[in-house]
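As written, the chain order gives the labels A, B, C, D and E, with residue 1 at the start of each chain.
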Amino acid sequence: MLLNFLILMKHELAVLAIIFILMFLKLGKDRSNVTVLNMVNVLLVINFAVGFFWNREGMMFNEMFRNNPLMVLEKNILNLGVLIISLQSYAWLRTHKHVPEFYMLLLSTLAGMFFMISGGNLLMFYLGLELSTIPLAAVANFDLAKRQSSEAAMKLIISSAFSSGLLLFGISLLYGTTGTLIYTELPGVLNGGSLQVFAFVLILAGFAFKISVVPFHLWTADVYEGAPVAVTSFLSVISKGAVLFVFISVLYTVFKPLAEAWYNMLFILSVLTIIIGNLFALRQDNFKRFLAFSSIAQVGFILIGITGSSQSGSGSVVYFVLIYVFSNLAAFGVVSLVSAVTGREGIKDYKGFYKTNPVLSWILTIALFSLAGVPPTAGFFGKFFLLMAGAEKGNWILITVAALNMVISFYYYLRVVKAIFMDDNTNPIQTVSMPLYPRLALYLCVAGILVVGLYSGIYEHIYSLSLKF
Amino acid sequence: MNLSLLILLPLATGIGLLFCRGVKQVRSLSLVGSVAQLGLAFLLLLEYWKDRAAGNNAKMLYENDFTWFRPLNIHYHVGVDGISIAMILLTAFVVVAGVLVSWTVEKLNKEFFFLLIFLSVGAYGFFISLDLFTLFFFLEVAVIPKFLLIGIWGSGKKEYSAMKLALMLMAGSALVFVGLAGLYFNTGTFDVMAISQMKIAPAIQKFFFPFAFIGFGIFTALFPFHTWVPDGHSSAPTAASMFLAGISMKLGGYGCLRVATFLMPDAAHTYSWVIILLATIAIIYGAFATMMQKDLKYINAYSSVSHCGFVLLGIGMLTRTSINGAVLQMVSHGLMTALFFAAIGMIYSRTHTREVAKLGGLLKVTPFISTVFVIAGLASLGLPGLSGFVAEMTVFMGAWQNPDNMYRLATILACASIVVTAVYILRAAGKTVMGPISENYIKLKDASWNEKLAAGLLIAGILVIGIAPFLVFQLITPGTDVIMQQLAKTIIP
Amino acid sequence: MEASAIIFYAIAAFTLTSGLLAVTTTKIFRSAIWLLFSLVGIAALYFWMQVEFIAAVQIIVYVGGIVVLIIFSIFLTQQSGKEMPKASLRRIIFSALASLFGLGFSLNLISEYKFSVPAQALQVQIKDIGRQMLSPTEHGYVLPFEVVSILLLAAMVGCIVIAMKSPSDKRPGETAEPKETGVKTGTVTVINKPEIVKEV
Amino acid sequence: MSYLQYIFLVPLLPLAAFVLLGVFGRKYFKKSSGIIGTAALLGSTVVSLYTAWNYFFVSGKVDGVYQKFSAFNFKWLEFGPGISIDMGGTVDTISVMMLVVVSFVSLMVHIFSLGYMKGEERFPTYYAFLGLFTFSMLGLVLSSNIFQIYVFWELVGVSSYLLIGYYFEKPSAVAASKKAFIVTRFADLGFLIGILVLGFYSETLDFGLLIQRLTDPTSTQYLAITAGSFLGVSALTWGLVLVFAGGAGKSAMFPLHIWLPDAMEGPTPVSALIHAATMVVAGVFLVARLFPVFQMSAAALEIVTWIGVSSALIAAIIACTQNDIKRVLAYSTMSQIGYMMFALGVAGSGTADNPGFTGSMFHLFTHAFFKSLLFLAAGAVIHMVHSNDMRDMGGLRRLMPVTHLAFLVACLAIAGIPPFSGFFSKEEILLAAYESNKIVYAIGLFTSALTAFYMFRLYFSIFWNKSQRQANDHHREAGFSMKLPLVVLTVCALVAGFVPFSEFVTADGIPFISQLHIAFSLPPVTLAVVAILVAMFMYRKANNKPEKAAALFGGLYKAASRKFYIDELYMFVTKKVIFNFIGGPAAWIDKNIVDGFMNLLAFITAAFSEFIKGIQSGRVQSYALYFFGGVIGLAAVFIYFWK
Amino acid sequence: MASVPLEHILFLSTALFFIGMYGLFTRRNMITMLMSLELILNSVNINFVAFNKYVWPGKLDGIFFTIFIITIAAAEAAVAIAIIINLYRSHKSIDVEDATDLKW
């Protein structure tokens, strides 16, 4: 029993263990940031490594907690992302006053996501969601001196509370109409009645809010811009990814009876999301804000993938999230490094960046190309598979719109590349020296971008896992 | 021989370039690499002839096929027939010439040569791949380097042009993607040869053909979507313009042939009149637009629009000869336009202007360059003995074999364009290399060894095609015959 | 029966009116008080539904915790007497319309839906609530319980870090209260803090 | 056929010279290039003479009929079964005759140029171009395939372009070369389409097969081509007329002649070779080559006739008014070619034993000699006076006796005074015209008189007119290399007429004896003599009679001296109409509409994104409002509408 | 209970829900916005309890859900207020209209 418990909840327990270590660290005599950071990063590496061993399928607490290979994979992806982010935010945290707290909060959100992914029950889902949101709001405020930071935190907490209010209303209606909260029981009792559809829409909105689907996306850009870069990247990659994982499984299993309805909803939402995201990304100057909108557009593509049939849909989405972790974090890594050293975050500031920082420029360029979906970067494969998955339903309007929107997205990614390579600048960003951790992280990302796509084994592995939820 | 070498060799060269120190190493390595490509291409040609002579009548030779992404049944499937070998040879020629021409690039030369080589990877991969996915993959691989090449090393309103080019080409490949997806979901495979064996319902073909054809057409300056050509070519650095006009416009033509026409023959029959209409417009209107240009590069760019019109015309006519002509025209236009751009580049690097009005009398001071310029001009106005003539005549003959009166009219109009071509070429030549020379050009230097080599290489190619076209013909005809069989077994007569 | 119905409607009217006032009065402190009333009304509703435990929790947490917290923060951030800034008329109209439409929409849906009301309602004992709360077996809620406790821990840490006045900025009159809020959150959590330690 | 195997040398030697001099000339053969070129030409001349001898006197005739042999033939470009461009060498009467003419005249010009072009900076280039031209011309006459002839046709055109533009620093030369190329290109368009038509219907491009199929009224191809019609004219006629259009362009026939006078910008020997003797008669040769097919279509022959005769007349009239001696010669060339053309025309439509074909070829033959002689002599004069204008000349007869003599002979020849060569050929032509069409005959007669007049106008005003000039170091007659060709050609111009041409070259290869009827040849000769006397009376001494005469003709004179304003017409059409009403709009549309549309898309996108930016107002409450709006909207849509 | 149909309880909760929403939309003071949020959550609680009590008396899901919601609401409120206070430090105001630096 106990062993089973330990193995099944390995990921969660590992994260919690780190949290408690940090807590005692904090209560004990205060150490220098660097030692704390070294320690934390080592722990995270261990945590990430542990994720690959002794995995087992199973359920506990009458389906409140499930685990299966796909979930393990998803958790590993999230672990990886957190590791990379932590390595990248080294430059920023070195001088920060509350390093252990930062990690405690961040990791508790991670734990929340794990519970959310593993949860087999709307209650667990809700708890996980909150656990992965509320601490983030706090962390978003960690640039205590900056007014933008606190504004971002305020926007995040209020709008997320609002969305969870709606979500809860939906859940309550669902509960009222079906009498159960357990995933495995729900499909049997869902009958697609209008009240249930309403409930579903409310729940969908809760998801859509977290993965910032238009029109539930409006908080995204502001929060991304205001929050510290580490938090922004965490929001844009980790929490989005986690919710996506849950979203797919919930849609494909729990709401199967409503499939026809949610397919059309996602159709509308994805088109809206791609277009609006692109249109806004067109005219951004702040790099984080720009990435925010670009990530919204990316979500639109992911939604298209979700509309596909279960296996290729979920496979392509998980695959894309993995790629997205690498590409987006590569971009954010450069941005966070630069903003930590120089405090400049405008795309204009990046004019002539290549003259001073060739390596960083290439990394950023590769990342942007991967986001834009240019071969041979992994992003190309990710987008291709997403669209192929979406095309399985034969909805060519959707595919054509998406394909043409890739052109718009191209424009703004290339705009940045243009700024980096072609424009000349009177005072370009000075040469930024890369500390060890960020360098590691960035190289890891680039390697990922190049390998994940070209090496087909990874996709096939994910695909093979993504039959069962 | 293993075709993957064609991809690996440039790739290795490119990676090697990253570790080079100093201008000399970079130049020499890229020259060695590109020459090796050329050698490889010739090796391929020889083997091909040997095997064909040995009576190997397979549709595709040297096929090499292994599964890449099993879930979507994506293969890495390469193989060549005569047409693709012709294209590969063209690419190799242009690459070497491009490297030679850009010998003196100082600014960021490592990156420059890396991108050039990388571009060639895309081109080779595109021409050898028999799997729609890899085809698409390499198609897009070939786009981005152009953007950087133009934007960083270009001249004039380079950012605008680079952006325009990248976006329009990307729009093209987006359409291509839809077409490919359509083919995939109606056949369950990306494999070109496999799809060609299947029968796709005409309705489906009719729906997806425009996507594929227009998508590829944008690459090869299909009429309303050609506007990236003038700006892109004129802003690009010399080598990049050579690549653009010489290679990447051919990607489009090849795709139109290999994917759109070959895999959707019914639709090809249905839409051939549209293709011919657009092609004829492109030919005539491109020629007249060229007549009004003042800038040498614009002249050549617009003439490329007109010449690529011949390619599309040949494809649209759907006769054996005309398709042969289309392929021939692709190769010949690739060579001669590359030569033209090389000559323009040489002139520009000396006089620092491309304004026809500002130039004059260069024949006196730079006889070699001027001669090259004139030869390129004569080639593009279709002088017998040079490649252009053979290609255009083949297209005309093939087009005329299509007995429909409207098609005949289109053919006649297309023929008429050779007069206009003569007009603008001779105007350009007359104003640039002939006439009285202005004082400030009096002490210009003639071509340096690398420029001479590059020009010589291209001229050699042009002459070979022009004097011994039967060589190219017996190279490409088997491929054309395969396409003709495909077109023959359609439902619509 | 009649009596209970009358009581219900009375409670409902009280809750709704005080809630409405809470979101409309111009004085912030008053609105806080109205909120308090409304929450109490809800607690009364729970009593009426004979779920005393929830009612108790409602009173302890909301009335005893959150409202107090809110009032403190009001004191911290402004003088309670003064008028609050009004929203623009356009905003008000749109919000009213949206809310009313939403209300109508959902009421319509709910009234359409025929809830199958079984004969006898649920009789809930506090002790099986407590037992299930901590039982890992069937109908056990120990896992969510732990998750929530992690959440509370995280929330506490977050509050402390954010609201604690950093030594750099020295503004008089704000030294104590931020900690206060932190502690307050603490008190909320203290209820089930020991169990965490026990369990893990 | 032993001698046939050497024929390939005839075109190849000049080609070799071209390649050698073109590639290495300016480096290694700066001085010796002239010798090299001439040597090569000498070689091919010898071979062609050898061929001619063998063909005409040894082995050409099989039981009384001159056969058509194929010296060599290989597939150059195969379009499909039966349809292929071959590179072949046809040996028949006209091709052998042309071989001799071309190589011989070209040799003469090569030799002449040794002196004339001495000291030129681009001496090797000049000889390279000459070699290229000679190669292409020889290839043209040898062609066995209608597409092959087109190939060399273009090559001839381009080498003429290069040679006209030889003085590339003179804008006028550049313009002239451009004009020549474009005008002929325009004509070639017709030729090309004609080839497509004929080739398509006859299902071959080979001359032999094509002629055989299209002249046999029972063959399917013939039926097809006569059945097929466009705008009510049969495909056959279309094809032939279009082909003839090409010929007319090259041969400077009436509406397409404008390039020829300007082409005189080139070096004079070049004019002698290309624009007098060889290239310009290519059109005649083409028609002669397809003569059997032309005979199948009366309409086509009519057109040929009238184009030819009108060109002859107009050119002659214009020639009377020009002052630039080379232009005068150019117009006379045009008029003489007009003769050849209408000779062919009437030959087809006339009776079976009509001497027109022979006459035309004969005239081509003789004309080659005396016209190139005229040009070379003129070249010698120009070389000495350094001017083209006859008003700067005069009284040169003592100063340059050889030239004087040669010029005189040539003038007599072209004027058709017996026993000079021109007389015989012209007689045959007039006879042919007389037999078939009186009007044409009359015009021809008048034209010949005009010819005599303007030629002697030229002669007198060069060599007499002004007072004697004295020899001094500056004015000296040219050296041996220039005298030799003059002498040789003079001899030819004298004796060429006595060649019994009709026994060699006839339409059907069957020789016949043509005898002179004194009665018939009386009127033209007397007219010619009268015309010469008039010219002598007007131009022997400097006086004001010419002005009077000009005033007498008034408008006609003015129009003629302005070449009947045809150039202006062309200028108007090209510069004004094409550039402003076709090219301009095309460029404008491309820049503003097609490209503008692309930019408009970009602009709209940007504008729209600017327009909707208000959504992201930064107010969290409106965010919530949108959020809720989205929820309700979605729910409403999917509950009430999208069921 | 029979005298009061379930729907009426739901009406009450729904009304409360939208009252809260109205408040959230219109209140410019962040703390009052927070209050509105509390109202929303409470209405959901009522739903859960009512459903559990009258419709699905089998298990205690609704009850427990309510308990957890209440707890989380507390935590949320705490964090929110902490953030608001911090924001007040920098902005000198808790009017949302003043906290709109980040936009477009």
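In this text, a residue touches a chain if its C-beta (ideal position, glycine included) is under 8 Å from a C-beta of that chain, and two chains touch if they have at least 3 such contacts.
All figures in this text were calculated on a predicted structure; none of them were measured in a lab.
Counting only chains that touch, the fewest steps needed to get from chain B to chain D is 1. Listed by label, the chains that touch chain A and also chain C are D, E.
The chain pair with more C-beta contacts between its two chains, of C-E and C-D, is C-E.
Ranked by how far their CA centres sit from the centre of chain C, the chains are topped by D. Note on chain placement: the centre of chain D and the centre of chain E lie 97 Å apart, centres being C-alpha means. Between chain B and chain E, the centres computed from C-alpha atoms are 65 Å apart. Spacing of chain A relative to chain D, judged by their CA centroids, is 78 angstrom. Chain B and chain C have CA centres that are 70 Å apart. Listed for chain B are no residues, as none touches two or more other chains. Touching of two or more other chains is recorded for residues 613, 616, 618, 620-622, 624-625, 628-629, 635, 639 of chain D. Of all residues in chain A, those that touch two or more other chains are 123, 127, 130, 134-135, 137-138, 141, 144-145, 153-155, 158, 162, 173, 176, 194, 198, 221-222. Contacting chain pairs (ordered by label): A-B, A-C, A-D, A-E, B-D, C-D, C-E, D-E. Those residues of chain A that touch chain C in the shared complex are 16, 19, 60-62, 64-65, 97-98, 101, 104-105, 108-109, 111-112, 115, 123-124, 127-128, 130-131, 134-135, 137-139, 141-142, 144-145, 153, 173, 176-177, 193-195, 198.
The residues of chain A lying in touch with chain D in their complex are 154-155, 158-159, 162-163, 166, 194, 197-198, 201-202, 204-205, 209, 214-216, 218-219, 221-222, 261, 264-265, 268-269, 276, 279-280, 282-283, 408.
Chain C meets chain A in the complex at residues 105-106, 109-110, 112-113, 115, 136-140, 142-144, 147-148, 150-151, 153-155, 157-162, 166, 168. Remark: chain B residues 68-72, 74, 133, 136-138, 140-141, 143-144, 147-148, 151-152, 158-159, 162-163, 166-167, 170-171, 174-175, 177-178, 181-182, 184-185, 207, 211 touch chain A in the complex. Touching chain A in their complex are the following residues of chain D: 605-606, 608-610, 612-613, 615-616, 618, 620, 622-624, 626-631, 634-635, 637-639, 642.
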